[in-house]
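Next up, some structures in C-alpha cells.
There are two complexes below, and they share chain A, which is joined by chain B in the first and by chain C in the second.
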Partner chain A sequence: MSAARPPSTLSAARAVLYKELTLERRAPQTLTAMALFCASAFVIFHFALGRDAIEGALASGVLWVTLTLAALLGIGRSFVADREEGGLDGFLLAPAPRTALLIAKATTLFIFLLIVGVLAALLFSVLLLGPTPSASQWASIALLIVLADLGIALVGTLIAGIAIQTRARDLITSILALPLLIPLLIAVTKASEPLLSVGGGTLAWRWLALLGLYDLIFGLLAYALFDYLVED
Partner chain B sequence: MPTTKSLYGRRLTGYAIATAIVLTASIALAFFYAPIEVDQGFSQKIFYIHVPLAIVTLGGFVFGGIFGIQYLRSGDTRHDLRSYTAIHQGLIFCIGALITGCIWAKAAWGQWWVWDEPTLVSFLIVFLLYCTYQPLRFSIEDPERQARYAAVFAVVAGVFVPVNFIAVRLASPLIHPRVLGSSGGSLPNDMRIAFYSALLGITLLFITICKYEMASKHSRAQLAALRRSLSEENDEPAAVRTAAPRIAIK
Partner chain C sequence: MASTEPAVVCSGLVRRYGERRALDGIDLTLGQGQTLVVFGPNGAGKTTLLRVLATLLRPSEGDASLLGSDLRKEGWKVRSKVGFLGHQSLCYGDLTARENLRYHARLHGVSDPAARIEALLEQARLSDRGDERVFGYSRGMLQRLAICRAVLHEPELLLLDEPRSNLDPAAIEQVEPLIGAAEGRTRVIASHDPAGGLAEADLVLGLRSGAAILLEPAAQVTTDQIGELYR
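Let's turn to the complex of A and B:
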C-alpha cells in the first residue's frame, strides 16, 4: 500500500479556509455580529458626542476605534468552534503543516475584516461623517483599510491562538490585543485624519510605511511562533 | 541533570554587597558631585533615578524575550523561570519609571502627565501590555503549556517594544530632554559620571532582585519537596493555580 502524500501548506490552508468560509456562509455569526456592532457603535457615538456630523481627528478616531473593537469580536470567535467541536484536534491529527492553520485563520479574519471595514466606512460616511471624501480619498481609505486589516488579522490570529487555551479567553483576548494594536492604531488614525477633514488632504507616506512595517514584523512573528501554540 | 541547589543563590551575597555600595555611591555622586542643572534646578536630580530605571526596565523586557526564545528552543524550565523573573521585576521597575517620570513631568512642565511626551506614553503602553503577562500565565493551568505560551508572549512583547517606540515617537513632537542624544555630547562630564554610576547601580539592583526571586522560588520548591518526602507520601502535590513557573526538584 502506498502512503498518501501529505498535503502541501497551501492546499491544507485552502481546505481550512474553504471550511471557515462555508461555515460562515451557512450559519452567519461572526460577520453579522461585527457589522451590527459597528452600526450600533456609530449610533452610540452620535448620542455620546452629541454631534450630527464629525470630521478630522475625531472622525478618524471614531471610525478606527469602532473597527478595532469590532475586530476583537472576530478575534474572540476565531478558534472557538474548532476548540469546542474538536476541529483543532482533527487538524493536528492530519499530516498538514501547522502554518497552514495560521494562513487559513489569518486569511479568514482578514476577509471578514475587509468586508466589515468597507461596510463600516460606507455606513460611517452616511451616518456621521461631515465632509464627503473624493474618489482619490476613498481609494486612500481603502488602502488604509487593507493594510490595517492585514495587521489586525495577523496579530489577532496570534492572540486568538494564545487565548483559546486559557480559561479566561475573552478577557485575555481583549487585554492582549488592545495594547498590541496601539502602534497600528496610531498609524492608521493619523493617516486617515486628513482624508476625513473638511477641505481634504492627502495620505502621508510615513504612516503607510509604519503600517507596512507593523504588518511585516508581526507577520514574521506569527509565522515563527504559531507552531508553538498548536503543539498539543 | 545539574544540581539546581547552587544555581540560583550563587553569588547572591556578592551582588547584594556590590549593589549596596554602587547605589550608595551613585546617590552621593548625584547629589553632591553632579552640578545643579541650570534650567530645571534641583528637580533634575530625579533624572539619575528615572532614566536608569527606564533603561533597566527595557533591558529586563528584552532579556525576558531572549530567555523566552531559549525556552522555546530548549524546553529547559530554567529559562522559563529566568524569563518570568526578568519580566516580573521589569514590570515593577516600569512602575517606578512611570512614577518618577510623572514627578519629573510635574516639576519640569507643571503637569503630572503630558501626552505629547513620546517616551512616557510609550512606557505606559508597554506597561499595559506587560501587565497582561501575569493574568495570561494565571489562566493556563498546565505548567508546560503555561511556560510555552508565556514564552511566546515574551517574544511578541519583546519585539513590540521598539515598534511601539517608533510609532509613538513619529506621532508626537519631541519635547523630552534628550540627555543622551545621538551625538552623546549633551551631558557634561561630571553629570555623565553620576549618571553612569546610577545606571550601574540600578542594573545591579535589578540583577540582585532577580537572583533573589529565583533563589526564593527555588528554595520554596525545595522545601515543598522535603516536606513531601518527610510525610512519606510520594503523591504529586495537588495542583495549585499559580502564575509562577513550576520548578521540578529531583
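Let's turn to the complex of A and C:
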C-alpha cells in the first residue's frame, strides 16, 4: 500500500535543516536576538568598564562571555517552533533516524553561531578592542570561533533536547548549559588572550587541541544520548 | 497478498503519567481492514491510546503490536505504516502547505512526493492556497492539511483523533476518500459522536478513567450504551 521508504540519516537531516533555515529566513527571531544581544552587551561593557579600549585577558573574557550568553538565546529557541506547533511529534512519527534531528539542529545552531560570531568579533574590534589584530591573528580568531561554536552547538542541542521534555525549559537550558560550557570557555578565552593583546601573540596549540577534544567528546555523547532524550 | 494477522493487538496495556494510570490494562484485537472507534469522556484515555499506538508514548506496562511489529522493540518499523492525526496539525505556521507536506514527505521517504502532494491538495481543495503560509489558514483548512499530512505516505493503519472536528459538511465529504473506510485500511478513531462513530465502526471501545468498560462489535452496541459512558 505504502509507496514510501524510510529516508537515510543524511536525507532526513537535510530536510530538517532546510526547514529550520526557511523558518528563520521567514521569521528572523533567533539570529536577530543573538546579534542584538551582542551589540547591547558590548555597549554596556564599553560604559561599565569606563575604558575606550580593552585588550588581553579582559578583552578575551568580554568577547567570549558575550558570545556564550548570546548562544544561550539560540539554544533556548532551537526547539521552540517544534514544541509550539507539534513539529517534534511530526518528526518522531516519521521512520527517520533520530540522529538526523541532532545533526540538523546542531548544524542550524552552528550556522547561527558562526554568523553571530563573525559579526560580534567585527563589532567588538570597532567598539572595544584596543590592539588591531593582524591578518594571521584574525585567521586564528576565526579558527577559534569555528571550534568553539561547534562545541557550543553540540552541547546546546543536547541540552535543548533535554529541556524540551521538561516544563522548566528555559531554566534547564541555562542551568545545564553553562557548567558544561566551562571547559570550552576556559580553553577559548586562554587561546584568544594572546591574539587580543598589545604586541600580539600566536595561538597556543594546546588550547586548540583541548577545544578539538571537547568537540569530539560532546559530539560522541550527543550521538549516543540524543535518541533517548527526544523519545518518550 | 492479504495477511490474516491482526492489525492491532494490545495486551494489558498500561500508560502512567506519574501516579495516574491514563490507560489501565487495555486488551483488544483489531483485524486488518477493520475500524475501531474509541468513545469516552474527556480525560478517559482516548488520545493517550492513540499516542501509544503511534509510538509517541511508550507503554508503561503490557504489550502492543501493530501490523505484526512489536511496539516497544520495532517502533521504527511501525512508523512507516501508521498515519496519525491528532489535535495539532503538526505543520509549521511559517511554512506554506506545500512546504509542510514536502518536509513530511522527505521524512517519510515518499517516492514522487510532488505528484502525491498535488493529488492530496487537490482532494482536500487546498491547491489554490497551497503556497500560502499556514498561519493564515482557518481551523477547517488546517484540519484538511493535517489530514493530507497524516495520509501522505499511504499508511496501512490510520490513527485518527476526532478527524472531522472543525470540518463543515462539504469538507467532510471531500476528505472522506482520504480517511474513510477503504479496502485494506485499518483505522482507530477517537470520537465524541455516538451515531456517526457507530456507523463506521466494526469494533467499539468505551473508555472511562483509562479503563475499558465497553469492548464489543459495533453491531451489538447501541447509542444509548455509548451515551452512558459520558454520564
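In this section, the second predicted complex is superposed on the first by the 229 of 232 C-alpha atoms of A that agree within 3 Å, B and C clash if a C-alpha of one lies under 4 Å from a C-alpha of the other, contacts with A are read in each partner's own complex, and residues count from 1 in each chain.
The rule is short, and it goes like this: a residue touches a chain if its C-beta (ideal position, glycine included) is under 8 Å from a C-beta of that chain, and two chains touch if they have at least 3 such contacts.
These figures come from a predicted structure and were not determined experimentally.
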item: Partner chain(s) touched by A:32 [first = chain B, second = chain C, both, neither]; value: neither
item: Which of chain B and chain C A:85 touches, first, second, both or neither; value: second
item: Which superposed partner A:93 touches (first chain B, second chain C, both, neither); value: second
item: First (chain B), second (chain C), both or neither touched by A:136; value: neither
item: Contacts of A:190 with chain B and chain C, given as first, second, both or neither; value: first
item: Touching partner for A:202 - first (chain B), second (chain C), both, neither; value: neither
item: Partner chain in contact with A:40 - chain B first, chain C second, else both or neither; value: neither
item: Which superposed partner A:5 touches (first chain B, second chain C, both, neither); value: second
item: Those residues of chain A which chain B touches in one complex and chain C touches in the other; value: 231-232
item: Chain C residues within the chain A interface of the complex; value: 54-58, 76-77, 79-82, 84, 86, 88-95, 99, 103-104, 106-112, 116, 133, 149, 153-156, 184-185
item: Sites on chain B touched by chain A in the complex; value: 72, 125-126, 128-129, 131-132, 135-136, 139-141, 145, 148-149, 151-153, 155-156, 159-160, 163-164, 166-168, 170-171
item: Contact footprint of chain B on chain A as seen in their complex; value: 158, 162, 165-168, 171-172, 175-176, 178-180, 182-184, 186-187, 190, 206-207, 210, 213-214, 217-218, 221, 225, 228-229, 231-232
item: Chain C contact footprint on chain A (complex, rising order); value: 1-7, 11-12, 14-16, 18-19, 22-23, 26-27, 81, 85-87, 89-96, 231-232
